[in-house]
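Order of writing sets the chain letters: A, B, C and D. Residues in each chain are counted from 1.
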Amino acid sequence: MMKVQGKSSLSAKARHTAAAVCALALLGTAGAASAADPLQPDPELEAVTLSAPKPSWVFVERGFVVSGNSIYDTDTGKMLGMVEASTLSDLALDPAGKAYYVSESIWTKGWRGTRQDMITVYDAATLKLKTEITMPGRILIGGRKYNFVIADAGKTAYVYNLDPASSVNVVDLAKGKFVKKIELPGCASLMPVTGVGFSALCSDGSLATVKTAAAKPEITRSAPFFSATNDPIFDNFGYDGAKQQAVFLTYTGQVYTAKLGATPTISEPFSIQTAAGVSPADTKPLDVHWYPGARQGLAYHLATGHAFVLMHMGEYWTHKAPGTEIWELDVAAKKVIKRIPLEEAANSVTVTQEANAKLVLSTEGGTLLILDAKTGAEKFKLEKSGGGVLRTLEP
Amino acid sequence: MKTFNPDAMGEKLLRRFAGRTSRRSILSRLGLALVAAPAFPLLPVSRANAAKPDRSPEAKTNFARNAQSADDTKCTYWRYCAIDGSLCSCCGGAVNRCPPGAEHSPVSWVGTCINPDDGRAYLIAYRDCCGKAYCNKCDCDGTDRETQLYVPQLNNDVIWCFGTTSMEYHCSTAVLVGTA
Amino acid sequence: MMKVQGKSSLSAKARHTAAAVCALALLGTAGAASAADPLQPDPELEAVTLSAPKPSWVFVERGFVVSGNSIYDTDTGKMLGMVEASTLSDLALDPAGKAYYVSESIWTKGWRGTRQDMITVYDAATLKLKTEITMPGRILIGGRKYNFVIADAGKTAYVYNLDPASSVNVVDLAKGKFVKKIELPGCASLMPVTGVGFSALCSDGSLATVKTAAAKPEITRSAPFFSATNDPIFDNFGYDGAKQQAVFLTYTGQVYTAKLGATPTISEPFSIQTAAGVSPADTKPLDVHWYPGARQGLAYHLATGHAFVLMHMGEYWTHKAPGTEIWELDVAAKKVIKRIPLEEAANSVTVTQEANAKLVLSTEGGTLLILDAKTGAEKFKLEKSGGGVLRTLEP
Amino acid sequence: MKTFNPDAMGEKLLRRFAGRTSRRSILSRLGLALVAAPAFPLLPVSRANAAKPDRSPEAKTNFARNAQSADDTKCTYWRYCAIDGSLCSCCGGAVNRCPPGAEHSPVSWVGTCINPDDGRAYLIAYRDCCGKAYCNKCDCDGTDRETQLYVPQLNNDVIWCFGTTSMEYHCSTAVLVGTA
C-alpha cells in the first residue's frame, strides 16, 4: 500500500511541477505580448502527499507553546509538512516508514475536562489521522527522546509515565492495543533491548533491564556505575538499536559505552575533554572547563560510531547552557577528531544517518541550522524553524 | 477601465467552489443559507456597489507596485495582495495547494491582485488549509481592498475553515480564480 | 458575597505584606549577626484573590498562539492575574464586577473531536471556573471587541456567529441559559441598544437595529451612510452604553456619531485630518496622508467624549499598519487637541475610564505601554506583556 | 561543613506536603506508591548518596555568588537557584503563593539554595501553580544541582502538577522548606 501511495505522491508532484512550468510559460508569453490570453484559473489540487521518510529528513518538535513536528529535507532546506501533535507530546517513527506515532495527552476542554492519553497514528504518506490507541497516563515533560520508543521492528511501543510514581506502558502497535503497565521505580529513559524488553537509567546510578514478556515483568539492575545526583548522565544519550549499544555522557564529560542485553555490560568511562587534549572537567563549581550541555546535546552517527556533542565553556551545574562548539568524538578510538565553532549557540543537535551526514542544530534564537558534518560548512540557515527535540530516520 | 465588481466575484466563487464540493457538508449549508437569508454574506455587496469606487488596476497600491511573480514563498508575490497568515508554499504545500494532511477550505475570502507580468487584475481566492496547528512560517498580511467583519468574504482575519473536518488554521493558499 | 470576598482579598494581601516585612526584618537581622536563627519555613498560602475590577485595570488578550487575558493594574504596572481563555475566544466583563465571561470554542481532542461552544464564567475574586453556558456556534476570528457584548446591565449576552452565514446567539446570563439564535444576514459588530436589543454595521453601508424581544426578531436598517468596501468603518469602534452612542471611524478618517435606539440617527461625518488641520485623506492609492489604522485603533474616553486614535503616514489600504502617533480627538468639538508621537509603533490602544485617564498600548514588539493620557508621559513599559484586544472597565 | 542530603530532604518534603493535602487524591496515590515501590522516586537517592558529593554551601556556584535577596521578580533572587519556568511573583502571585485561580501542586521538585544574607543553605520546594495557561513572564532556568529525569524530584523540566484539578502549567513558586 505504501508503494502505491509513494507512486501517487510522485506522480502528483510531477503533475504539480508540470503545472508550474505551464504557468511560467504562460507568464512568459503574457510578458512578451500583453494582448495575450490572461492566466488560466488554477486547477483544484489535492493536498501534497509525502514519500516514505528519508534519511535526509529531520523532524523538529516545535516546542512548548507551538506544538507539532515540522519535517524538513536537509538536502533542500524545505519544509515538507508537519506531523500534528499536542503540547508536551512525543513523536516516534515507524521503522517501516508507513506511519508516524504521537504519544500525547489531551483534555476534553483544553486546560480542563477529562484527560485522554493515547498514541495517535498518522499515515506517513497523507499525514492524515489513521487511528488512536488509548492507554493509561504518560509523563508530561517534553524535550526527551526516550520517553516514547519503538521496539520489535515497529511492533511494540514503550511509553514512560510519572504520576509521580514511575511506570511504563507497553503498547502493541501491530494490534493497536495497550497491553500492560510495568512499574519502574526510580528509573527512566527507555532503551529497547532486542528479545528482552528495555533498559533504563536509574537514580541509584545503575542500568535497569526489564524482561517484559513474563506475566510478572522481571527487573534486574546493574551495579551502580555513575552518580545520579553528582555527575548525572544526560537522559538524551546516544542509542544504536541495531548494534544494541548506548553511549552515555555525564555532566562532567565522562563517556560510557553500554552493550545492551539481558545482562548489559558497561565500559569504563573516559573523559571527552581528555579525548580532545584539554583538561578534564570536574564537579567543583568554581573551576572553569569545557563542559557538555544543552537540551539535546549529543547526536550519534551509527555507521561511524561518532558522537557530536554540544560543548560550552563554564563552571559546573551549567548543563543546560547551549553549546558554542560541536565536538566530534570517535567513541571507540576515544578521540575528539574535530571541533566546530558555532556562530550562534545551540540547544539541540542531531545528525542524519547518511553516509555524507549532516548536522542539524536548533539555536538559541530559534534558527534551524543545517551543516555538512564533514566540513562544518553551513548548508541552510532557516529562521523561525528551530524547536525542541530533533529526530532523524535511523536504519 | 475595468471596475472591480465584488458581486460578480461572489457569484463566480460560489459556483466554483460550491459546485465542486458536493461531498462536503458545506454545500447543503450554503444552499440552506441562500434560501433562508436573502442578503447572504457571500453576496452582500450589491447595494454598496452603487458607489462605484475606483478599483481600476491602474490605481496601483504600494503592494502592487512592488509585487513580483518569481518567488511564491515571499510576501511580495503578486497573488498575496490580501492574504493573511502563513504561506502554504513555505509549509510543505504550494501557492494553491495544501501541505500534507491539511484540508482545503471550500470557501474563502478573496482579493483582487494585479499580475506584474500582464498588468491584469485577477481574482484570488485565499483558501485556508485546515486541520493542523498554525504553521507559523512566512507570515504575511496583505491588505489591498481588505475590509471589515461585516463584509466577511473580503476580511482576512476570519478563520476560513468552513466545511472542513477540523477548524484548526494551518496556512493560507492563493488560488487563481480568473480575471477580476 | 462579593463584598466579603473583596475584604478577604484585602486582608490576605495585608497578611502577605506583613509576612514580607517580617521576612525582610529577619534577613536584616541575619545579615547583621550570622549566628542568628535561620529563616523560618514559609507558611502554606492559598492562591491570591482579587478585588472587584477597578477602572485602573486593563485586560490584555494575549493573542492567537498564547491565549488568556492578563490583568494589569495601570497604577502599579503589575500583573494581577489572568482570566483563562482558549485561542480565538472573547472576554467580557460583568458590569457588577462579580464575574468574567469568556465566549469560546473548544474541541474535545485539541484540533479534532467534537466542537463545544460556550460562555465560560469565572468568579471575579478567585478567577475559578464557576459554570459553563453551552450555546450554538460562534465566529472564530479573535481581535474584535464587538463579537461578544453584554447588555441589560449584565443580564444578557449577544454572541456573534459566522458559519459562514451570520447570526447572533442571545444568552441569558442571569439564568445561565442560551435563549435563541437570531439570523443577521450581512451585518456584524454588535452594539447593545437599551430596551431594544442591539445594532450592527452592515455590508450595504447601513446600521441594522434588531428588536430581540419579539418571538420573531424584527430587523430594521438605516439608510446606507458609508461604503463597506471602499471606505469601511473600522469594526473596533467607540461605544458608550450609558449615553447610547457610538463613534465610527472609516479607513480614510471620516468620523460619524450614531445615536442608538429603535430608530438610530447618524451624524454627518467629518475628517479627523481636517480636525487636526492637515490635509484630509482619500481612497486614492497613490496619495500619501495621515491615516487611521492598526488592529484596535480607537479608544474612547466616555466621560470626556474624547477619542484616541492610532494614526500613521502612508497610502490608502494600509488600514492594518500600526500607529506611530496617537491623535486625541474631541468628537463633539470636531477638533484634534493633541498628537502624541510613539517611540514604537502600536497595534492596539485603549484608555482607562478614570478622571486621570491612562492610555494603554500594545506595540509591534509585544510591549505593553502605559501612558498618562493628559501628558503623554510614559508611566510603565512592560516587555513581553502586549497582545491583542485591550479592555478596560466601563462605568 | 554541611553535606547536602537529598534523602532527608525527600522525607521532609513528603511529610510537609503530603501531611497537609489530605483532601487531595495525591495522598492516597503517594501512600500506595510507597507501599508498592520500595525505591519510590521521591526517595530514590539512598544508594547514590554513598558517593558523598561535595555539596557544601562554601563551594558556591555562579548563581549563588551573584544571588540577591531584594527582588523576587528577578531570576537572580536567591531562592531561584534551580527554578524553571515563569516566576509566579510576576504573574499575580508571590514567591511562595499562586496567582488567582491557580492551584498549588502539593508535590514538587526541590533545590538547595544559599541565602546571601546568612550564608546558609536552604531547601526550596519549587511548587508549580497549575490550572492556567503558561504565564510566560519572567522566565528563569536555574540549574544548581538539577539532575535528569531518573531523579525526577531534582529535575525542573517535569510538569509538577500532580494532585491538582488540572495539569496545565502556569508558573512556579519557590517555597522555603527549611535549612538544607
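FYI, a residue touches a chain if its C-beta (ideal position, glycine included) is under 8 Å from a C-beta of that chain, and two chains touch if they have at least 3 such contacts.
Bear in mind that the values here come from a model prediction, so they are computed numbers and not experimental data.
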A-D or C-D, whichever has more C-beta pairs in contact: A-D
Maximum centroid distance from subunit C, chain identifier (CA atoms): A
Approximate Å spacing (C-alpha centroids) for the pair subunit B, subunit C: 28
Rounded Å distance between subunit C and subunit D, as computed from the means of their C-alpha atoms: 38
Between subunit A and subunit C, centroid-to-centroid distance (C-alpha), Å: 43
Junction residues of subunit B, two or more chains touched: 131-134, 136
Contacts with 2+ other chains: residues of subunit C: 65-66, 84, 111-112
Contacting residues of subunit B [partner subunit A, same complex]: 16, 20, 69, 90-94, 96-104, 115, 117-120, 122, 129, 131-137, 170, 175-179
Touch list for subunit A against partner subunit D, complex: 64-65, 88, 105, 107, 111-112, 115, 139-144, 147, 162-166, 183, 185-189, 200-205, 224, 227-235, 283-286, 314-320
Sites on subunit A touched by subunit C in the complex: 65-66, 84, 86, 106, 108-113, 116, 129
Partner subunit B, residues of subunit A touching it in the complex: 16, 27, 30-31, 34, 36, 38-42, 44-50, 62, 66-68, 71, 78-84, 122, 125-128, 384-385
Residue numbers on subunit B that touch subunit C, as the complex places them: 6, 29-30, 33, 36-42, 44-49, 51, 53-54, 59-63, 107, 131-134, 136, 141, 143-154, 157-159, 161-162, 165-168
